[in-house]
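Shown below is the structure under consideration.
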């Protein structure tokens, strides 16, 4: 019977300890600087341009082939760029959050943000376009760290509203 | 419902076909065991897998060596870092890349933390199969602590993609030593709690002691490796036998059982967790500064050739076989999964046991269907 | 019996009938909170303040679920089984004296009544197991019934000692008898322990819940039920747990007796620890296997409870009354029995080793 009493002692002991539950939506989630959520594109504030040059290294290396990049020609006085990223689609539903796109980018133009609270009922809204990706990286849609009804909550990410607004092809081969 | 019992010549024996169906209330994954049952006694068992087959090895043939950990993580998702370690050891053999000291130490710490996390999951699953839910939660407090450390270091709680060719992908953060030092006593305490809850509990002992004893010969013939084999008395741990990485520098015991029954297999894993804590302590002290990733060639085509690495994953002996043929992507990646072999051993192990015990035996082999099916 | 008496009785019965499911809901909530506390997590807390409305939400969900009838079900048995299982519990509640005034019906044989009725619900489980038309339900039902029927014997014998000491089969008399002297739980501790264990096994609670084990192949005789029908099984289980705890209080802990506070407060104060203990057991003990369970009943509990009755009867016949020597005698007998029999119960039958083919492959290292 001694063993059973030992079990009793254990559960008695644990019943007076504080619960380990993290009360997530009512408290901010604990994220770390390296937490890998949705990827986001970085913006160069000095020249007010996106850093991404459209080299497509991330699209090539992505194991899930979830990135689609297309370029357009561009002229600017401040920078010497000849081309600018026209479309950059990243399909969050295909993404496996491995971070390889970040590793291979030569310009450090993409980063894994801690954003994870982006679930929606329409799978087409999981394809993020350039503007949304920049928004994520800027933290304007970091609903993760500041839950929706809390004082620090930012404006929610504007997902694709209607099926008409969704891009016809979500991504192609890079 | 009445058919000849497979394996016997008694065609008058009436028995019932029961499916321990793909959906288990316990947490091992989707495996189907077709049992022929006479009353409460299992007469024969036919395991059927494939419900979790995702074509891991086929997908790996389309991936470069940088992308390879992404898919192999998902084969055995509970011990992802150990699988990554095995894959990278094979890849480093093929590419002939040296791994710096610091990276080796980091890899060992990560792999051992993963081992503890995996065994905690085993503990939870075994407790749930024995009939109550508290061990699951007791095991998961500890897993959550480890997951938090993983998130600080690798960015992800479970599928890490951290161990890379030549070392690790990024260096550990500045507070790594403090974080791990902080959780080691918490884990040791958690281990004591788990031990106290289940090990001496008479009902648990009554359920598991003497259940399914195996001799070393039988276990070897069935292909068991890892803690299940060590429970029978054979001290066979690849970290001792064929040391890979820097395991030969650490002092740790290899726990060995006597009878090889379910209780012994359970004790093996608890004791192994303690030994893992020792290894982590020693590795933390000995970790040097330096590079976290070795020199890797600029163009990462697979060299022509093949490489095989054996590692001691928490489940058993994990073998990774990579064949390269000069392309960007591998020609063949084969994972020798210990869980696959253990599932096939179920056919013999379940003969003559009660149904309730069949569940416990399945749990005691620590089978993860993601690895068995790939 | 005047009309007003009849009407009052009908009213009381109605109150009981309505209160029983609510009682079960409250108990489910308490159980989930207790389990959560043991496991260092919150139990239900989101729905309603502190999760109080959780079981109500669950009940509403169950009520709105689709009620499926399996194709191979036996119509009559399948349909009536939940009722047969649930109703006896309510009937038993009718005679339980919470205080001398707060009882619906005063029977002289209430002790017998209280143990005879759950036997009817056992028939309900057979009907559920057979009527569902599935072999898993049938196997689960058979196991459950074997267990329930076996454990009724120690259940009855454990209270028989108390009945002998009190000299009556009426629950009210038993409580009153404890008011003058010491509680029967102190004098017959062995009987108390046996009562709780047998009661748990009777209602298939952990650690005796093999028949309804969830990680078992069979989920028990109730697996083919959905929606409100399954809810009735659940409610029946919790009502029975409450009855078990109440009976434990009445028979062994002195019911409503106590200084200062009113009777029903004492009653609650005594019933709650027993309930919490039952829930705590669920979070602390694994299951016994079916053969161990039956062995435990027949080889340990029945002889012990018989021994207990003999001790009680001896003391009563010689007029010694409930005293310390009785306690010592019963505890010693129990201990001797436990040492002798428990090992046999938990022994795993020897099994032929797996035949090793010849030649034996050389064991490496």
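Should a chain be cited, it is by its letter among A, B and C, assigned in written order, with residues numbered from 1 in that chain.
Simple rule for what comes next: a residue touches a chain if its C-beta (ideal position, glycine included) is under 8 Å from a C-beta of that chain, and two chains touch if they have at least 3 such contacts.
As the structure is a prediction and not an experimental result, all values here were calculated from the model.
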Quick one: most central chain, C-alpha centroids?
B
Of B-C and A-C, whichever chain pair has more C-beta contact pairs
B-C
Need the CA-centroid distance for the pair chain A / chain B, whole Å please.
31
Would you kindly tell me how far, in whole Å, the mean C-alpha position of chain C lies from that of chain B?
41
Return the distance between the CA-based centres of chain A and chain C, expressed in whole Å.
53
Residues of chain B touching 2+ other chains?
134, 138, 141, 197-198, 201-205
By the touch rule stated above, which residues of chain C touch at least two different other chains?
38-41, 283-285
Can you pull out the residues of chain A that are in contact with at least two other chains?
4, 7, 10-11, 14, 20
Show me the residue ranges of chain A that touch chain B in the complex, using the header's touch definition.
1-4, 6-7, 9-11, 13-14, 20, 30-36, 61, 63, 96-100, 103-104, 112
Which residues of chain B touch chain A once you look at their complex with the stated criterion?
63-64, 66-67, 69-71, 134, 138, 141, 144, 148, 151-156, 159, 161, 169-170, 173, 193, 196-205
Spell out the residues on chain C that touch chain B in their complex, using ranges where they run on.
35, 38-41, 135-136, 206-207, 209-210, 213-217, 219, 282-292, 345-348, 351-354, 356-357, 360-361, 363-365
Contact footprint of chain A on chain C as seen in their complex
36-42, 280, 283-285
In their complex, what parts of chain B are in touch with chain C?
1, 16, 18, 20, 24-26, 35, 40, 127-134, 137-138, 141, 197-198, 201-207, 209-218, 220-222, 234-236, 241, 348-349, 351-357, 359
